[in-house]
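Presented sequentially are two complexes of subunit A, the first with subunit B as partner and the second with subunit C.
And now, the complex of A and B:
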């Protein structure tokens, strides 16, 4: 059965790559065919339900780099299975929905490539047992999400939002990678199943575990858009509706929550877990609904409620009691079902009426009956009406908060506030557009094609069915996932719709009453919210913008400063750094040659040296090309003389030959080259002169140090001297080295000369077209 | 003698650096040429200098006795020839750059795009 988990991922990735081809063959219908792929994956995963409900797990292992402990490990337990079924199941409807929503778009094939790439990555994230593999899939979801958010790539806002999502989640991903590597080193394993089985208390007590926790939390918080990283999620609404429905409600943003749940048995042992995770979740929960109330765009409203739900889930996992985890899992399932449906309905409204302003649409129930029915079912679940899964979720949520030790009352107030606002927003998103008087819209409204309402209806019905018969989904999906999150199976999961007359039910009643009041006041809040828009400019998003523009500005400055295109500046940098580095190490090496080893001064060599010095100085000062050539010739021949005087006859011969040739070359070339021009100011010349003199002094010291050090390793030279006659039958050792021992070097040298000759020939023959400045004169 | 040689090499380096930092392309080419002379002499002295000890295997002996180190000499011999190739190529480049762009100021040659 382990292979099935790989096959499911493989067929989804495979579908991604044939999607563009399929689109060319079938046109818009390709979406309907492609929808069968996640359906097949869902069936494969569903076949695992009995095994996992019985407490088992499905595992697959394939060694990758055994020496590094890297393996492709998949392991599906209750938590994974819940996510896998959501991803593949909702994936079917999103694929069909996109076929209708993006009907007639030329690059629909590309869209499906991204979408299925994302789907496969997401399946990989939730079924990976190895943290490194999980990270790889995690980053793949970031990249495919970037491509999907930026699908309307001609719109600047769309591109900016995509980049923002990528940078925020990508940065978090890098932090998470650091956390994963630290954790792996500490624990000695990267496998989640082994990590969760470790003695968490001992591991958590290790020094540096706080860093692990914070780094991994950064990854989870950025991905799940927790405060203060929440801003990318509402901006991601630039994406087409099926993307928002899939990535930004049901799946990708839940990856962060998934990670928190996945590592819950281990990380929650840390004393920092609850103080960090629960408050961040609570802030996000309240911030989401508060900002959602001010929005005038159905998709934005849904995005902010998604934020709020993600905050709720994070908060519940932060509290981490059995009741809280149970509530989180039910809430997660309920939210995925209703939110995916509502996003699709919002997209349909936009598609069919041309507007997403909740105050501009109304009374669409006659024109769009199926969409209205789906939205109503989903909206009731979101609002938490009895008989729907959302109600069960909310009851568990309240029960978990009531049961929280210590500040139970505080958590209850926070939870009820968020639920009241959630109720009002559910009514705004799901009731307001379809009921009341029919309002005029930019497009004449009519029902969307079946591909666009079948998904929301079925998801809505699923929410109703799961609510009415909680035992089925509870026993098969919720209980195993709760066991996986808590890390043990000895919890009795009582799961039912009706809990009797409890405090939680009372709070639900209060929620509905206050929610209706808030819904009636909502249009006025929206109207007033424009005045507070300025506050949005001060939020964390401003930090992101400053950081981004600051980084770009710094990179721009750095490039302009260091890569300025002036050859002289590059050379100056190289020379100064070389001199500085040599001076750094030289003093410890410097020992002047002792006087007994010195060769006494002799007339001829000293005169040659003086000639060379004079030639070099003259070359620098020469005012005409003729004197410059003469000076260079003096230097070259002088160097040849030195070779001759100090036992290098071959060198001397070569040098003198080459110098003669070079002289001829200079004479030939210089008269084709421009006259000496005088560009530099005197100040620059003096500055360069000082730098050059300093560099010369450093090099003099290097030569002295090297002579003083003496005793170079002579073993190679000795071997070559001894082998010269017996092996190569030659007495001139330098010649033997060149043509025998290092013959390949000489071959290389000849090749270089040949290439240089070809280059010179080509350059001289070249007749550039007159497009360049000046042309060929 | 070694100290005089060291100073000579230092002066060659200084002159090469000075010329390389000039803006006229011809002077830069001259700097390249001087730099290769300086480097060759540096390597030459690295083996330790010796008078009257050419690296030949003399008479019936099969080893080098009291002779200069042949290895740096072999390297320099290659370097001399290569630097000649480099010189020819740079001169050709300088010629072509001048003809194509109408300037011999390296500060004007900051971009590969026609300005």
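And now, the complex of A and C:
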């Protein structure tokens, strides 16, 4: 069964790559076919339900980089399965929905490429058992969501939002990587299942664990848009509706919550867990609904309620009691179902009427009956109406808060206020557009195609069914995931819709009553909120903007200072830096060789050396480029001759060939250069002379030192010389090193060569065009 | 550069240079030579044609876009690394056929690798020289 977990991920990634081709063949219909892929994955995952409900886990292992101890480990337990089913199941509807929403778009194939890439990465995140693999998939979700959010890439706002999401989640991801590496070193394993089985108290007591906790939390908080990193999520609403529906219901933003739940058994043992996680979650929960009340855009309203729910989940995991974890899992499932449906409905309203302002739409129930029914089901679940899963979730939420010790009634007050606002926002998003008088809209409203309402309807029905029969989903999905989060299976978990006349039920009643009042006041709040818009400019988003522009400014300054574009300056820097480094280390090692180690002067080499020196001097004194080039040719050929004399025929041959071609290149480049117009000043010449001579002296010292300290270490040369024939079938050691012993290096070198050639080609291609343009103007 | 002598002799010498470059490539494993030197000599042949008869002729005689040579060469060099993987050896481990073929001598993956190097070097030099000596710099 382990292979199934890999196959499911593989078919989704596979679908990503054939999507553009399929779109060319089938046009808009490709979405309907592609929807079968996540459906197949969902079926595969569903087949694991019995095993996992019985307390088992599905594992797959394949060595990845054995020498580094990295393995591709997948392990699916209750928590993973809950997410896997949500990701693949909602994935089906999102794929179909996109076929309707984006129909006729030329780059729909590209969209599906990103969407399935994202889907596969998400599946990878939640099924990885190895933290490094989890990180890799995590970053893949950041990158693919960047592409998805920026799908309307011609709009500047869309691009900026995508970049913001990438930078915020990517920075958090880097912090998380640091945390993972520290944790791995401390615990001696990167496997999640092993980490969670460790003696958490002992590990947590180690010095430096606080750093691990904070770094990993940074990753989770940025991904799940917790305060103060919340601002990227509402901005990401620039994305098309299917993307919002997918990213903000069951996937991207839940990844952070998933990580908190995944490492809960280990991390929650830290005394810092609750004081950090629970308050951050609580602030996000309240901030989300408070800001949501002021929005005049259905999608933004939904985005802020998502923020609030993420805060709630984080808070519950932060509290971390059995009741809280139970509540978190039910709430998570309920939210994924209703939020995906509502985002799709909001998208349909936008698509069919041309506006997303809740005050501008109304009475659409006749024009869009299916969408209205779906929105109503989902909205009731969101509001926490009895008989829907959202109600069950809210009941458990209240029960968990009531059961939490300390702080008096603080938790209950926080929870109820958030739920009241949630109720009002649910009514705004799901009731207001469809009921009441029909309002005129930019487009004449009519029902969306079936691809766009089938998903929301089914998701809404699923929420109703799970609410009416909580025992089924509870036993199959919720209980195993709660066990996984708590790290043990000895909890009795029963799910009921009806708990009797409890305090939680009383709080629910209060919530509905206050919620209706708040809903009626909502239009006035929206109207008043414009006056507070200025407050938004002072929040953490301002910090992000300052940081971003500051970094760009610094990079700009640094580039302009260090990359001045003059070859002579680069050469000076290289020479001076190398000389300084050598002079710093050399004196301690310098012992000049005695004269017996040196070869006595011979006639021919001396003559060649004199030639080289003469060439160099002539090149410096030459009054035209042509003479300088010729003189440099003398230097190069002289060096080639020295190689010959000291028995390096390969080197000599290559040197002479390169020298010849370099001469040709010089002459060709020559055509394009202006004449020597001004010469260096005397001061510059003296400076350059001193540097050149000094560098020569330094290099001579290096050579002497190499020979001095007991002769150079010849063991490598000896090994190469002796084993080139027996091991590599070749007598020419130089060539054997190039093509056999160090072939990988050579492969790298020829790749660099090829890139350099492309660079030259590009420069030569682009330049004449630019001058032509300039001439035209 | 309209020199009758250069034009007349150019092609002849270029042909000789090409043959010499193959010779260097094949003997490289045992005697001075190899893909890098061979590639440079082959490039020299086309540079000579370019100098005597201009870039278009040199391009035509080369027959392949130098940019394609870069890709082909890299692929050939990389492909020579894969056979070793099938018998569980690390990537790019040399594998030899012991028979001695006429002209080629012993054949093995390092020779294929060297051929890749040869093609890349030929492509790189031709690409740079052709674009520097670009059509507009002619006549």
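The definition used in the following text is that the second predicted complex is superposed on the first by the 564 of 777 C-alpha atoms of A that agree within 3 Å, B and C clash if a C-alpha of one lies under 4 Å from a C-alpha of the other, contacts with A are read in each partner's own complex, and residues count from 1 in each chain.
FYI, a contact is a pair of C-beta atoms (placed from the backbone, for glycine too) under 8 Å apart; a residue touches a chain by one contact, two chains touch by 3 or more.
Note that the coordinates shown come from a computational prediction; the quantities given were computed from them, not determined experimentally.
Q: Which partner reaches more residues of subunit A, subunit B or subunit C?
A: Residues of subunit A touched, subunit B against subunit C: more for B.
Q: Given the touch rule stated above, what does A:707 touch, subunit B (first), subunit C (second), both, or neither?
A: First partner only, subunit B.
Q: Please indicate which partner A:756 is in contact with in the superposed arrangement: first for subunit B, second for subunit C, both, or neither.
A: A:756 sits against subunit B and subunit C alike.
Q: Quick one: classify A:740 as touching subunit B (first), subunit C (second), both or neither.
A: After superposing on A, A:740 lies in contact with subunit C but is clear of subunit B.
Q: Is A:731 in contact with subunit B, with subunit C, with both, or with neither (first, second, both, neither)?
A: Both partners, subunit B and subunit C.
Q: Just to be sure I read the superposition right, which of the two partners does A:669 touch: subunit B = first, subunit C = second, or both, or neither?
A: It touches subunit B and subunit C both.
Q: What is the contact status of A:606 with respect to subunit B (first) and subunit C (second): first, second, both, or neither?
A: The first partner, subunit B, only.
Q: For A:661, using the defined touch cut-off, is the partner it touches subunit B, subunit C, both, or neither? Pick first, second, both or neither.
A: A:661: touches subunit B and subunit C.
Q: Who does A:628 touch here: subunit B (first), subunit C (second), both, or neither?
A: first
Q: Could you tell me if A:688 is touching subunit B, subunit C, both of them or neither one (first, second, both, neither)?
A: After superposition on chain A, A:688 lies in contact with subunit B alone.
Q: Using the superposition on A, tell me which residues of subunit A are in contact with subunit B and, in the other complex, with subunit C.
A: 649-650, 654, 658, 661, 665, 669, 672, 730-732, 734, 738, 746, 753, 756-757, 760, 764, 768
Q: Contact residues on subunit B for subunit A in the complex?
A: Within the complex, subunit B contacts subunit A at residues 1-15, 17-28, 30, 33-34, 37-38, 40-42, 44-58, 62-64, 67-71, 73-74, 76-78, 80-82, 84-89, 91-96, 98-107, 109-111, 114-115.
Q: Would you mind writing out the residues of subunit A in touch with subunit C in their complex?
A: 649-650, 653-654, 657-658, 660-661, 664-665, 668-669, 671-672, 728-732, 734-736, 738-740, 743-744, 746-747, 750-751, 753-754, 756-758, 760-761, 764-765, 768
Q: Taking the complex as given, what residues does subunit C use to touch subunit A?
A: Within the complex, subunit C touches subunit A at residues 28-37, 40-41, 43-44, 47, 51, 66-67, 70-71, 73-74, 77-78, 81, 91-92, 94, 96, 106, 108, 110-111, 113-114, 116-117, 120-121, 123-125, 127-129, 131-134, 136-137.
Q: Quick one: in the complex, what on subunit A touches subunit B?
A: Answer in residue numbers: 564-568, 571-572, 575, 593, 598-602, 605-606, 609, 612-613, 616-617, 619-620, 625, 628, 632, 635-636, 639, 642-643, 645-651, 654-655, 658, 661-662, 665-666, 669-670, 672-674, 676-680, 688-689, 691-693, 695-704, 706-707, 710, 712, 714, 716-718, 720-722, 724-726, 730-734, 737-738, 742, 745-746, 749, 752-753, 756-757, 759-760, 763-764, 766, 768, 771-777.
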